[in-house]
């Protein structure tokens, strides 16, 4: 048992040890700041490596050729040509196909969950749809390559064994949960008073949804589309596996096309020695990819802030 | 423009009403007969019998939680938005039971407009807010829409204040103005009845006065049911008053009678401020 | 003058109600679409893997013969990866979150770090691969080793942990904090003894979700040059390694040459999905079990 006053003594004893406490108190914020700064360093690291190596690339290949030519032939011994346009085309085509799936399905799924489903149905459906988002992209790649492409080839006779269509569709499915959950968030934050106001005028649920809720939530919905596009542009494994590596400057999605991401994979999987033009081209392509996705992400944030409705 | 369908000539009143019914000789828009409403297990409305006459203002008063808002929302079936709600009995609107399976709730709400406690304009322009209903009903012609918007805004006594800013967002207006926009939005579909759920409780005294004056004007053309917390307001603007307590109608009579000579002790207690 | 014609309203009503009903059906079908695809995907993978998952497959080493091939190396490689990503993201993520929530003043530095984390979360994983290749593999000379792969993955999933930890810390009620300060505790003592214990469930959930993202990611590993065929199993952080998604990748590509590789890829997918399922269940369990009500 402690005698009266012993707690006081203990506190006093403790005070003698205070000097070590205050060292800790001073050291901790520094350590924590260091941890926080690592994420900033990561960004700096990304930006610097991309910029430096991209500059080295443009010493060997002209910017004009890179952005205006239509031929990408890095491995040619006779006359290698470096144009990013075929890759941008491949990225664009797969992204467009993906969004043709993800936007309508994602948005209508969100509408169903937010406006039509009962509380019970929503509780069951929502986590199940989110499972789709948790499946690794490599699994989708396998699915596209070994299932979707063969099935599509039954229907479309001219479809090549690697093509832009199949990975585009599968990528769209992968992005559905993202569009659905972000759009649903936006719609759920529209106050119920708006819905009641419209319903009390004799509107059907459909009219309430499309004339009141969606217009009121439009900024969040569009932001979800933009983020979906950004995701599609940066997606790698599905297109690497199922879209092939032909550097085609074409709109024909039944043929093999290479995306920016798939090109990076191709170059790094090969044995491109550091210092060669083909090695540097990797960074120039990655830089373009980085700028595209960063722009999309910032655009999405800008849209959802700038056009947020006040109720 | 084609005229509205003629209103039904005869109103049958076979059903006996428990409350003494003031004979005004006016036809009824609503007649509630034995309405019971449950939220899950809570018995929120108990055997309500209540007539609501044409071109009158009927006020519904009572302490919080007495079921007055629930009753109002039963009249346009907005109460069904609550998932656990259960209803028995009937509410006749112009002689047909609104709870009949064949009765279309959208049609009912087209005829019975509602103004809410808090102004709830849509996040659109003033013009689009008012033109919302007519557009739903298929009116696309720009000129007709303009006429409807002007007529409705005039009807809601706010035309002069907003006529130069119809393209502004309705949320740029003050609370009182927003509420009158909501009334105009309601008028634009030319309803038969307007339900008002404590329409002035979120407004300052000056805006409240404007809305009250407006209600007086509106009863020339519309039948109005207004739920209010404010007894002076009920006394000022209504022709009939129903006093609700614990889900029951305690007393229903001409407003003057209710406030000067109530027949029930509980009504007297409430209006003299002894509870509630 | 009357503008609304009741007869017309009534006539239109049926059309409007029909559209409403039809659209509701379409929306429901659309919500089910994703689930149907999910079911097909799982069915395909499981059907392809039947007969291929066995003890020998799980513990066997890689082989060019499909019948004898096993994924022991990939499983151990993935475990190594988790062993690096877990602690690294926990330390860096929680440190960052504490700094942002408890120390940083709401000003420029705070908003720079916060915006930076939001932006990093949107950077494609392959770009992190390039960062790992340039910095860890080449500049630091770590090669395609466990440590290089682990650090690259850690940076990739760090935002997940930071955001989860921030939310967990923010949800610690202020009266607990005030009670601790009121007894004379210092800031760090309060964080260590009150805030971290109260937010541990949210933090752990975040770390587990980050782990499950990390073990499914393929692109950064491909880019930093994780080899396709690797016979020795890693025993050390500086050893070369392979991981489950890499194995899936190569077998899927080579299925064109050897049809059975598709079955091997499917079997590996099933293993990966089971691991992910266990991790996510653990996250849900932790969240439910430790979520205290204040």
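Should a chain be cited, it is by its letter among A, B and C, assigned in written order, with residues numbered from 1 in that chain.
As a working rule, a residue touches a chain if its C-beta (ideal position, glycine included) is under 8 Å from a C-beta of that chain, and two chains touch if they have at least 3 such contacts.
None of these values were measured; they are calculated from a predicted model.
**Q** Touch graph across the chains, line, ring, star, complete or other?
**A** Shape = complete; every chain linked to every other.
**Q** Closest chain to the overall C-alpha centroid, by per-chain C-alpha centroid: which is it?
**A** Ranked by how close its C-alpha centre lies to the overall one, first comes A.
**Q** Return the chain pair with more inter-chain C-beta contacts, choosing between B-C and A-B.
**A** By the number of C-beta pairs in contact, the winner is A-B.
**Q** Rounded to the nearest whole Å, what is the centre-to-centre distance of subunit A and subunit C, using the mean of the C-alpha atoms as each centre?
**A** 13
**Q** List the centre-to-centre spacing of subunit B and subunit C in whole Å, with centres computed as mean CA coordinates.
**A** 53
**Q** What whole-Å value do you get for the distance between subunit A and subunit B if each is reduced to the mean of its CA atoms?
**A** Roughly 50 Å, centre to centre.
**Q** What are the residue numbers in subunit B that touch two or more other chains?
**A** 106-107, 110-111, 136, 189
**Q** List, in ascending order, every residue of subunit C touching at least 2 other chains.
**A** Residues 16-17.
**Q** Multi-chain contacts in subunit A: which residues touch at least two other chains?
**A** As it turns out, subunit A has residues touching two or more other chains at 204, 207.
**Q** Please give the residue numbers of subunit B that touch subunit A in the complex, ascending.
**A** 76, 78, 81, 83, 105-111, 113-114, 116, 118, 120-124, 132-133, 135-136, 171, 182, 185-186, 189
**Q** State the interface residues of subunit C toward subunit A in the complex, per the touch definition above.
**A** 16-17, 19-20, 23-24, 26-28, 30-31, 33-35, 37-38, 40-41, 44-45, 48, 91-92, 95-96, 98-100, 103-104, 112-113, 116-120, 122-131, 133-135, 138, 155, 158-159, 162, 186-188, 191, 212, 216-219, 222-225, 245, 248-249, 252-253, 255-256, 262, 265-266, 269, 272-273, 276, 280
**Q** Could you list, by residue number, the parts of subunit B that touch subunit C in their complex?
**A** On the subunit B side, the touching residues are 1-5, 104, 106-107, 110-111, 134, 136-139, 144, 147-148, 151, 189-190.
**Q** Name, in rising order, each residue of subunit A that touches subunit B in their complex.
**A** 118-119, 191, 193-194, 196-204, 207, 211-212, 215-216, 309-311
**Q** Per the contact definition, I'd like the list of subunit A residues that touch subunit C in the complex.
**A** 21, 24-25, 28-29, 31-40, 42-43, 45-46, 49-50, 53, 104-105, 108-109, 111-113, 116-117, 125, 128-129, 131-132, 134-143, 145-147, 161, 173, 176-177, 180, 204-207, 227, 230, 233-237, 240-241, 261, 264-265, 268-269, 274, 282-283, 286, 289-290, 293-294, 296-298, 301
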